[in-house]
Amino acid sequence: MIDKRVSGAEEAVNDIPDHAILMLGGFGLCGIPENTIQALLKKGVKGLTCISNNAGVDDFGIGLLLQTRQVKKMIASYVGENAEFERQLLSGELEVELIPQGTLAERCRAGGAGIPAFFTPAGVGTEVAEGKETRIFNGKTYLMEHWLRADFSIVKAWKGDYAGNLIYRGTARNFNPMMATAGNITIAEVEELVPPGALDPNQIHTPGIFVHRIFQGKHYEKRIEQRTISK
Amino acid sequence: MLDKTGIAKRIAQEVKNGMYINLGIGIPTLVANYIPQNVHVVLQSENGLLGIGPFPKEQEIDADLINAGKQTVTMMPGSALFSSSDSFGMIRSGKVNLTILGAMEVSERGDIANWKVPGKMVKGMGGAMDLVASAKNIIVAMQHCSKEGASKLLKNCSLPITGLKCVKKIVSDMAVLDVLPEGGFRLLERAPGVSVEQIKNATEGHLLVTGEIPEMKI
Amino acid sequence: MIDKRVSGAEEAVNDIPDHAILMLGGFGLCGIPENTIQALLKKGVKGLTCISNNAGVDDFGIGLLLQTRQVKKMIASYVGENAEFERQLLSGELEVELIPQGTLAERCRAGGAGIPAFFTPAGVGTEVAEGKETRIFNGKTYLMEHWLRADFSIVKAWKGDYAGNLIYRGTARNFNPMMATAGNITIAEVEELVPPGALDPNQIHTPGIFVHRIFQGKHYEKRIEQRTISK
Amino acid sequence: MLDKTGIAKRIAQEVKNGMYINLGIGIPTLVANYIPQNVHVVLQSENGLLGIGPFPKEQEIDADLINAGKQTVTMMPGSALFSSSDSFGMIRSGKVNLTILGAMEVSERGDIANWKVPGKMVKGMGGAMDLVASAKNIIVAMQHCSKEGASKLLKNCSLPITGLKCVKKIVSDMAVLDVLPEGGFRLLERAPGVSVEQIKNATEGHLLVTGEIPEMKI
C-alpha cells in the first residue's frame, strides 16, 4: 500500500501555482470538491484554467473563484447559472470554451487512458466542428477530438482509503472518475477516509493509482440547486 | 392549441414498452407523468443514472441524487449509477432508444437548433449535441411559432445548429409531424380545434398534407 | 424496470445463426460464460467468429467449440494453450487475428461507447501496424484502431438482476464489462440472479441497458489453469 | 553468471518506494519475492488488479482471482479490481511507473522482441505491446546469449519486434546495462565471476565500457 494521505485541503493545494490547469469534478453543485475550492480561495492562486462541466453558482462551487477573479478560463459544457460569470464573460475578463458534455467526459477519459484522440459524432455540422478534422465511418460523419489532461485534478468522493481508492455515491459520481484519471497530480477529498482493507476491492470506482493526495473534508454543505419534491 | 401538458401527453403516446428514454429539460420532463402504468420504460439521466423515479418526498431528498436538470430525484428498483463517460457511451452507442427534447427551430431536413441565440448570453450546449448526434429516434417538443407568430418549422434553421438531420418527429402546440428522410414535414395530426390551413400558415418549411388529417386524441 | 430474464442458456442462444460474430468475456478460464458455451456446443451453430482474449484450453472454454470445429475465426490477444487450436491453425482450418490485449479491450470499449476509431501507441513499428494509419501527437507515434462490435456478446457475471444489471467478482471482471456494451444483443449469465432492488445501484458494474437476456447458470466449474499456492 | 533467482534479486534493487509495477511472466514474477519489506510498492496485474498479494494458501484459492499469468493470487489490503480497459488505461497513461518483462532480443536502440518466433507456433502478444509502448521505465530480464552462444543484445533485432526504443535497462545473467538514449548498451555491472571481456564477446550491439565496472552486489 502506498499511503496518499495529506493533512487537509490546504496541504493538498499547497503547490498549485498561478496559471495552473485544473479539472474539477461535479455536475452542477452535485459531487463538487467543496473543501478544496475553499482552500484555493484562501490560497488566492490566480489565472486558473478550470475544466469542469459547470461553473457553479454565484456564491458556491467554482462561482466562488469567479467572484475573486481567480479564473482566467473556463472549459465547460454548461455555464452561466450566475450573474458574475455573465458579467466577466461579456466584459472579456473571462475566456470560455464550451464543449458538448459527452465530448468533455470522453476527452477527460481519453486523457486518463492514454488515448490522444478519438472520433465522436457530437457537434458535426455545428460551431463545435469549426477547424476540426472530420471523417466518415460506415457512412456517418465524426469529429476528431483530443484528450484533455490537467496539471491538477480535484475530485470529490464519498469514501476513500489511505491508498487513494475512491467510491462515489449516487449521481455525485458524474465527471469525478474520468477527471481523477486525467490529472498529472490528482487530489481527492472524501466524506469518509478509511484504512486500507476497509473498502471492498470489488466496489472501488477509482483505483488508488490515479490519486496522489487524499484527505477527509471538514464540512460538506452539499447545496441543492433545484429542490423538487413530490407530495 | 395544446398547452405544455397537452404536448407532453401526446408525446407520451409515442413511448413504447421496453424503451430506454432520455428526457430533456422542460416539456420533455413532463412526459414521464403521462406514460401509462403498463408501459415499462427506463428513464436515463445523462449525468449518470438509469431508472429515474418520481421527485422525492421532503424527507427523501438526497443532494447526491439529481437529474440532468439538477432537480432532486429518486431511483426506481433496478436502477444503476455510472459516470458521465459511461453515460454518454450508452447514448452514442444507440442503447438509449428515444430522446425527447425541446427545440427553438427545426428545419425540413430535421436539423435542430436549441442551444444558442446570438446576442443573448450563451449558457452552453450541455449534452444536447451528443444526444442529437447519437439518438436513433428523436422527438421534439416545441412551439410551432414564436410569440410574434413566426414559424419555427423552417426551410433552414436561422439559429446556430445543434445537430444535422436528426429530428424524426415533432409534437408542437399545433400538430404532430414526421420529418421525412427525403426532407419535408409530413402532417400527421392536428391539435384539437386547429385547422390544416392554420398549420400550413404556421409552417415555413415544406409541408406535406395527404388525405384527411385527424385530430389528436389525448 | 424492463425484464430481461430468459429461461436459460438454450433460450438465450436460440437465434444465434451460423457465421455470427460473437464476443465472449473472460481472461484465460477466469470469468468465462461456461453455460452459454455449453449451449452453443449443443446447438451446433457453425462458422463462428469469436472475439475473446483467449481461446480456452483443449477441453474447456472456447476450446470446446474448437474441438467441434464450430469456430471459423478467432480474434484474440493470446491463444494456443491447446493442441487442437494449433493443429487447426497450422492446417489452415482456423483463421486467427491477434490483437494487443489493451487494444482489444479498448476496441471493445469503443464499440460500446459509440467511438468508431481512436489512437493508441500499442503496436507502433510492429507487424500490428501494417496497413494502419499512424499519426504523431506530442512527438509520439500512435496507430489508429477501429471499434469492435459483435452480433452477440456473451458475458459472465457474479450477480445480476432481472433488469440486466451486473456485478462481477475479482479478476473475473476482465473483458466482460466492455464486451457487454459492444453487442448488438448481449447475453449475460450469472451465478446469482436477484430481483430488481436487491443490488445496490452504486455497485453495478454493467448497467442493465446493455444486457438483453439474463439467466442464472446451472453449474459453474470455474476451472483453474495455474493452481499456485504458497505454503 | 546469474541464475534466474539472481537476475530477479538484482532487479529487485531497482524497485523504489511508491512505485506501481507491472511484472511479466517468468523471471519478472520472481522479483516480487525480493523487494525489501520497507519498500512500499503496488503490483499491477493487467487483467484487472492493483495490489497483488502472495500466492494463496490451499484453503484461500479463489478461481475468480488470478494474475496475468493465470496463476491464483491473493490481494493486499488497499487493493482495487477493475476491467481490462481500465487496466490498460492506467498502463497507457503512464500511471504504472515500472514494467519488468522478459525478452528474446533487445537492440542497441532499445527495441525489444519477445512475442514471436517465425516458424514456431504463434501464441500472441498478450499485453506486451501495450506495456512496452506505454511504460516510461522498462527493465528487461533476459539471458545474455542463446544456448548456442549467440548474443541476444544486438545491433538490430532479428525477431519480430514487440516495441521500438522502449527498453531503458537490462539485467541479464552476465551484466546490468543501460540502453542509452542515443543508442548503445552502457555496461554498469558485471555478474559475479564474469569479466568485461566475456561481456564484450557476448554483446553484438554497441557496448560502451567506461572506467572500472563493478561486480553486482546481490
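Which chain is which? They are A, B, C and D, in the order written, and residues in each are numbered from 1.
Just so it is clear, a residue touches a chain if its C-beta (ideal position, glycine included) is under 8 Å from a C-beta of that chain, and two chains touch if they have at least 3 such contacts.
All values derive from a computational prediction rather than experimental measurement.
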* Which pair, A-D or A-B, has more C-beta contacts? -> A-B
* To do: Could you tell me the distance, in whole angstrom, between the mean C-alpha positions of chain A and chain D?
  => 36
* Structure fact -> In whole angstrom, the CA-centroid distance of chain A from chain C equals 33
* Structure fact -> Note: chain D sits from chain B at a C-alpha centroid distance in Å of 56
* Centroid distance [mean C-alpha coordinates] between chain B and chain A, Å -> 29
* Asked: Which residues does chain C have that touch at least 2 chains other than itself?
  -> 106, 109, 113-115, 120-121, 169-170, 202
* To do: Could you list which residues of chain B touch at least two other chains?
  => 49, 81-82, 85, 88-89, 91-92, 134
* Complete list of chain pairs which touch one another -> A-B, A-C, A-D, B-C, C-D
* Structure fact -> Residue positions on chain A within touch of chain C in the complex are 106, 110, 113-121, 135, 137-138, 140, 142, 146, 167-170, 202-203
* Parts of chain B lying in touch with chain A, wherever the complex brings them together -> 45-49, 54-58, 61-67, 69-73, 81-85, 87-89, 91-92, 111, 116, 121-130, 133-134, 160-164
* For chain B, which residues are in contact with chain C within the complex? -> 18, 20, 40-42, 44, 49-51, 75-82, 85-86, 88-96, 134
* In the complex, go through chain A and note every residue touching chain B. => 27-31, 53, 76-80, 86, 89-90, 96, 98, 100-103, 105-106, 108-109, 120-128, 158, 169-178, 205, 222-231
* Structure fact -> The answer for chain C against chain B in the complex is residues 1-3, 109, 111-115, 161-163, 165, 181-182, 195-197, 201-202, 204, 207-210
